[in-house]
Amino acid sequence: MSVTSSALASQLAPTSSLAGAYARIRQASLALCDGLAPEDMVLQSMPSASPLKWHLAHTSWFFENFILATDAQHRPLRDGWNFLFNSYYQSVGPMHARAARGLLSRPTVADVLDYRRDVDAAMRERLERGVSVELAALVRLGLEHEQQHQELMLMDLLHLFSLNPLEPAYRPATARTPQPARTPGWHRGREGIVMIGHDGEGFAFDNESPRHRVLLQPHRIANRMVTNGEFREFIRDGGYRRPTLWLSDGWAKACAEAWQHPPYWSDDLDSEFTLAGRVALDPAAPVCPISYFEADAYARWAGARLPTEAEWEDMAARLPDRHGNFVESGALRPLAADIGTSDLPQQMYGDAWEWTSSAYSAYPGYRPDDGAIGEYNGKFMSGQLVLRGGACITPAAHVRASYRNFFYPADRWQFAGFRLGQDA
Amino acid sequence: MSVTSSALASQLAPTSSLAGAYARIRQASLALCDGLAPEDMVLQSMPSASPLKWHLAHTSWFFENFILATDAQHRPLRDGWNFLFNSYYQSVGPMHARAARGLLSRPTVADVLDYRRDVDAAMRERLERGVSVELAALVRLGLEHEQQHQELMLMDLLHLFSLNPLEPAYRPATARTPQPARTPGWHRGREGIVMIGHDGEGFAFDNESPRHRVLLQPHRIANRMVTNGEFREFIRDGGYRRPTLWLSDGWAKACAEAWQHPPYWSDDLDSEFTLAGRVALDPAAPVCPISYFEADAYARWAGARLPTEAEWEDMAARLPDRHGNFVESGALRPLAADIGTSDLPQQMYGDAWEWTSSAYSAYPGYRPDDGAIGEYNGKFMSGQLVLRGGACITPAAHVRASYRNFFYPADRWQFAGFRLGQDA
Amino acid sequence: MSVTSSALASQLAPTSSLAGAYARIRQASLALCDGLAPEDMVLQSMPSASPLKWHLAHTSWFFENFILATDAQHRPLRDGWNFLFNSYYQSVGPMHARAARGLLSRPTVADVLDYRRDVDAAMRERLERGVSVELAALVRLGLEHEQQHQELMLMDLLHLFSLNPLEPAYRPATARTPQPARTPGWHRGREGIVMIGHDGEGFAFDNESPRHRVLLQPHRIANRMVTNGEFREFIRDGGYRRPTLWLSDGWAKACAEAWQHPPYWSDDLDSEFTLAGRVALDPAAPVCPISYFEADAYARWAGARLPTEAEWEDMAARLPDRHGNFVESGALRPLAADIGTSDLPQQMYGDAWEWTSSAYSAYPGYRPDDGAIGEYNGKFMSGQLVLRGGACITPAAHVRASYRNFFYPADRWQFAGFRLGQDA
Amino acid sequence: MSVTSSALASQLAPTSSLAGAYARIRQASLALCDGLAPEDMVLQSMPSASPLKWHLAHTSWFFENFILATDAQHRPLRDGWNFLFNSYYQSVGPMHARAARGLLSRPTVADVLDYRRDVDAAMRERLERGVSVELAALVRLGLEHEQQHQELMLMDLLHLFSLNPLEPAYRPATARTPQPARTPGWHRGREGIVMIGHDGEGFAFDNESPRHRVLLQPHRIANRMVTNGEFREFIRDGGYRRPTLWLSDGWAKACAEAWQHPPYWSDDLDSEFTLAGRVALDPAAPVCPISYFEADAYARWAGARLPTEAEWEDMAARLPDRHGNFVESGALRPLAADIGTSDLPQQMYGDAWEWTSSAYSAYPGYRPDDGAIGEYNGKFMSGQLVLRGGACITPAAHVRASYRNFFYPADRWQFAGFRLGQDA
């Protein structure tokens, strides 16, 4: 986390506003659970996903461990929970196996909500006492962390529900008038040396720094994301049966798991399973979720490529605003791009994270934060690819142009789609 | 199920008594869930175990499918649940994958309890109308089936809780005065041709028939089960480190899974995890649960062997009663044998199922019941071994001398212990 | 090995004859390798199979370890080979992992042949010096062991060749006039108490003893083995698609591995891969190899069952001779039964091992041989089933009525077929 | 393959010289097999490795398929071998499963050598007839391909031998006077925009093109590779026991496979297994082979990082020559750097491939070659990292500054080591 002291000073000085953000963001996690049964919150559908109950506990553990425990008088609020709800911070201590998170009926959801209340009370008290700039930065990190888990909760829940033959719906579908897809087009990017990375304004994770020079080759970026309708054409043209369209690892995976379409689509390509249950496929909406391998194969089929993360960021950073379809819209699924007269690329923010062709690695001069927090981002810099722009399940305030999300190329439950790029 | 019509006629004639048994046994399943949270009832700890919720639904499905659905007017009570709660009856239709039972948050526990109420109401109405002898026999089978699942619920729950670092307790431990173990001794069995198998009195599963002649070799049977204390001696003598004491498959399994003691014991051999949480090991109580491989290795170490199922049954059938530590005692764990002056073998019934050396196979002339019910027992007759006598989590009325339970030799979560036998 | 001293005294007294048997049987192993390349002898096609080179070395190790090493002056003939070529004798010392036998290019085939020559020279010298009755019994055991491995060599080689798209042939097919299958019929077995097990005449393995009384139920045994033609009818009638015909474990295996016919058959059911390469399926010849699960499913389809091992042995022991299609015939595949006028059951010996319904377990009063040799048979008494009668790749002199072969029910590369039995 | 016509015209015009190269390079493959037994050449030690026999056949298939088969009259030289020896060219047709290459005893080594002779004769004839520039380029590609497989043969063989408890040696160790390691030091790299990629002189693979501008950050590169002695210090300082030194995926792998030192080292860290068998560890020689995860952990421990591929290439391209310890030296293992007075970074070429921090991906404007040859490099551009500079088992003429080798970060049988880099 590269927030400089001065930036923080101005930004977080009145801890009352930090306390406000704390209350608001913590409450948002609970709001996501409205209408869910304890049963929905305790299951783990695969090793990469976690029970919702675990997310609620882990995000609280984060505040207890990184904020409250800095107080010498602090005693662990619950015996044995440090072990259960530490995710991957080796510096903090041993942890429960990730794949075994779904084997714990206790603590119950009610126990976890109790724990959250205790953490929140202590945090409120702590924030009222006033915190140092350093601690305020950690609180802010904890809130951004909480927002990441809000998104994880929704994607993990969708994955769990997708495995249930009864096809339960999390929220009713919002009414929506079908519209045609925007005519595809290209925006020419800048070329030559530009700056990318966090510019020091407001919060950013450590992996977005330092801001540094990169060299952009001549290139273009598509004016919107690839749609369900376009992707269906790819499938109908044999996209999942032609190995030469695929990366070798992708083809191996697609064969091993018998991929024939995006994971939540029906075999007849007419419907998809969403947080609103099964709905008709909207041909104008971005295809999502999808793996990197599928996005890459489509791009090859289309005679294009995926943008690099620098190309994406340089374009996004120059947009007038970060407007987009985020979790606050309530749609909970990507929507068709506007077909208005705007000359700007659309859907850069929100709808679905966009796969880039860039491997997730350290920026030149990157330094992880000190201490256990240094494990937050840095140790995942192998084998994954960068995604940009946020999704329809991401809190709007959580995203920015320099934000780097990352997943493995075969992952296909995170809300990921893509737009095309090309050499110019 | 080999209940003859005449036996049934006398036994089940007043359907009011069948209805009484139905009400009582169905209620007992619910009573087992007292104090459990929905979270405890939805998880699946391993493919061989099932969520408690599933047990509650499946046993109800059994009645709906095999009793209510015989009525031409019957319409499925819930859409899609036949698929979810059919366990293994291929004749009935396709079924949800066993290993995926823990991926279903819906129907919730409340939904399942609702379903039980609907099934029970319909069953009550059906029984009041009066049922044929054949249908009465199926109802009785459904009740015995329900009792089997009551036992499964407790062993599955213990397994689930055993994986939780918080070591939750299902019920408080019952107070108990420690006592020494009974002095080991032998009872000489009969030799020559004897009859085993169900004798036609009351209910029995089809695999207990036909009653038939077997030839017993000269043999002896131990006067009680092998105790924790004795098994600890085996361990201290290197029992888990000496391959020559083990069957080849058992040694391979023990190495692959790093067995060093019974599954719920602590590494210091001083305590064990039970339905009452972690308790001090009682040296006088039967060791339980344990796999066949471990029992067999102990027997070899002790210079003895396990009894055959015929040896066991012939001895058990001649006892004056079926007295034993069953679920009704509330102990929920095996207890030390009496050290009284009785001349009879003790613990033949209750405490823990006893491994025999007999492979689970068809009796001469065995015929599975007709129709889908024929899948109940017969198709499991390979690779498993017979256990006899019931356990401390078995309903007392559910067991009899001819009862054949069966598990794989590596299974070690069912409440299984053993007693020694020897050639005479 | 239950050979009594007196039997041995008469049988093995002139060590010259033992030396003759040694020379003859050891030579037979080498003859099996005629025409094979070193490449054929070094590969391991699956963990259950071994490279031919390994068989040649292991059988020699057996003599070195159990005979030559009893001499105090003996020094290991090769450094490190005890580790490599001990199969499973934990009492002797640690051993190379079974599944890794195909990772050893060294020692080469030539090295192994060299080793065999050294062992043989030392053995010759040892036998010339004269051996005790006990040692003579071990030599005899080593020769029977060698013959078992001769059979293993051929079945392992067939399995290896079956995985090669080029479908190499081990030996040319022998010309053979097609003939119709013998008309199926039944032979009534004896009922009541009979004796089975080794009767003390000549060599037997320890698991064939003690001879003991068993009780035979009324039964019949088929007059020949089930044929390819009959088994093809089963397949055409949906035998591999109807779960109710199968044991539960068998169905799970058949689904997991997509079984649709016997392992070496072509999908069109018209040809099979044999040691002579691909040949047309002979409808009159016994189906072979086949798993227990397949044999059991066929029997259920046919309204019959498999014989028990006692039923089989009592019938076989009363035949006038052990005539059959053994390895000496050169056919190397099962042949159609004679359709002559004989009133005897045919194919009891040779052609293919016959699955019985009997789990492989200890006879009453069974005692393994003393020392490491005690690991030969006893530790495999779980999870396997008994097969009887020998096959077309078994040396004729190796088999007898009391011989108990054993494999897992899913194994299907050993030369196993079956005949039907039924209750009478 | 980015060879321009004009470059080829001058370079390959006299096909006699191409024929000479062909004869020489093809012969070199055979020379590697001197002293090996057929058994050594048929085994596959893991799915990533291939039998030597397969390498010999596949490289010949490459010429048959890509050169000889362009002739309309060409008939396949061997039935069914296209299927067996196609490695991964989906455009060419279906292929034998990679993991099953070690299940083929036939064709034998002799058969394969025969095939090589037939291919070579036809190629000689073809080259004598004269070839087009395009075809000449493909021949040249085939020769570079052959050289890659020569290296694979040695690393695959070492891996196979390493699994043999007898620890066979491929070649005797060459005598070598121990010397101290060169004093570590840094060379400052260039910063700003530089050109990397193939410059058009001579042969290059398609993935080295196009030559393009990259932006170098201020940086330094170590004056030699990290040595065994240095790496041993890392181990002794707990390098394999401290998760915070490792990438998350690396730590997971190291735990799952119980890594405690480089793969061929002894547990006492005093010796290593090499192509000359087990030898004392040379503290001054580069550590090799090693995975990316291990190299990365070491760099973090040392407060440094790995160089990027652009940093490496820009440094290497400016060296006066490509002198290094290649296969021609006969050492077959990395050697200590000179401690002379040279001011240049040493060991940039030869000894061991050097891991860079760069993910293997397409250069801006990259276009795979047309047709099946386009599968050579491009489809592997995910999940792997770039290595540079060649190794002691690489033919000297095969390497150049722009050469991009690539492996997965967990791979540790290829001859890979590393040098440190740092920000300046």
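Order as written gives the chain letters A, B, C and D; numbering starts at 1 within each chain.
What we mean here is this: contacts are C-beta pairs under 8 Å (C-beta built on N, C-alpha and C of every residue); 3 or more make two chains touch, one makes a residue touch a chain.
As the structure is a prediction and not an experimental result, all values here were calculated from the model.
Taken together, subunit A and subunit C share the touching chains B, D. Repeating the A-B interface with over half of its contact pairs identical by residue number, the matching pair from C-D, A-D or B-C is C-D. Rotation angle, subunit B onto subunit C, C-alpha superposition: 180 degrees, expressed as a multiple of 5. The mean-CA centres of subunit A and subunit D are about 38 angstrom from one another, to the nearest whole unit. If each chain is reduced to the centroid of its CA atoms, subunit C and subunit D end up 47 Å from each other. Centroid to centroid, with C-alpha atoms defining each point, subunit B and subunit D lie 60 Å apart.
Residues of subunit B in contact with at least two other chains: none.
Interface residues of subunit B, counted against subunit A in their complex, comprise 37-43, 45, 53, 80, 83-84, 96, 100, 102-110, 160-161, 163-166, 168.
Listed in rising order, the residues of subunit C touching subunit B in the complex are 88, 90-91, 193, 212-215, 217, 243-244, 246-251, 292-293, 296, 305, 357, 359, 361-362, 364-365, 374-375, 379-383, 409, 423.
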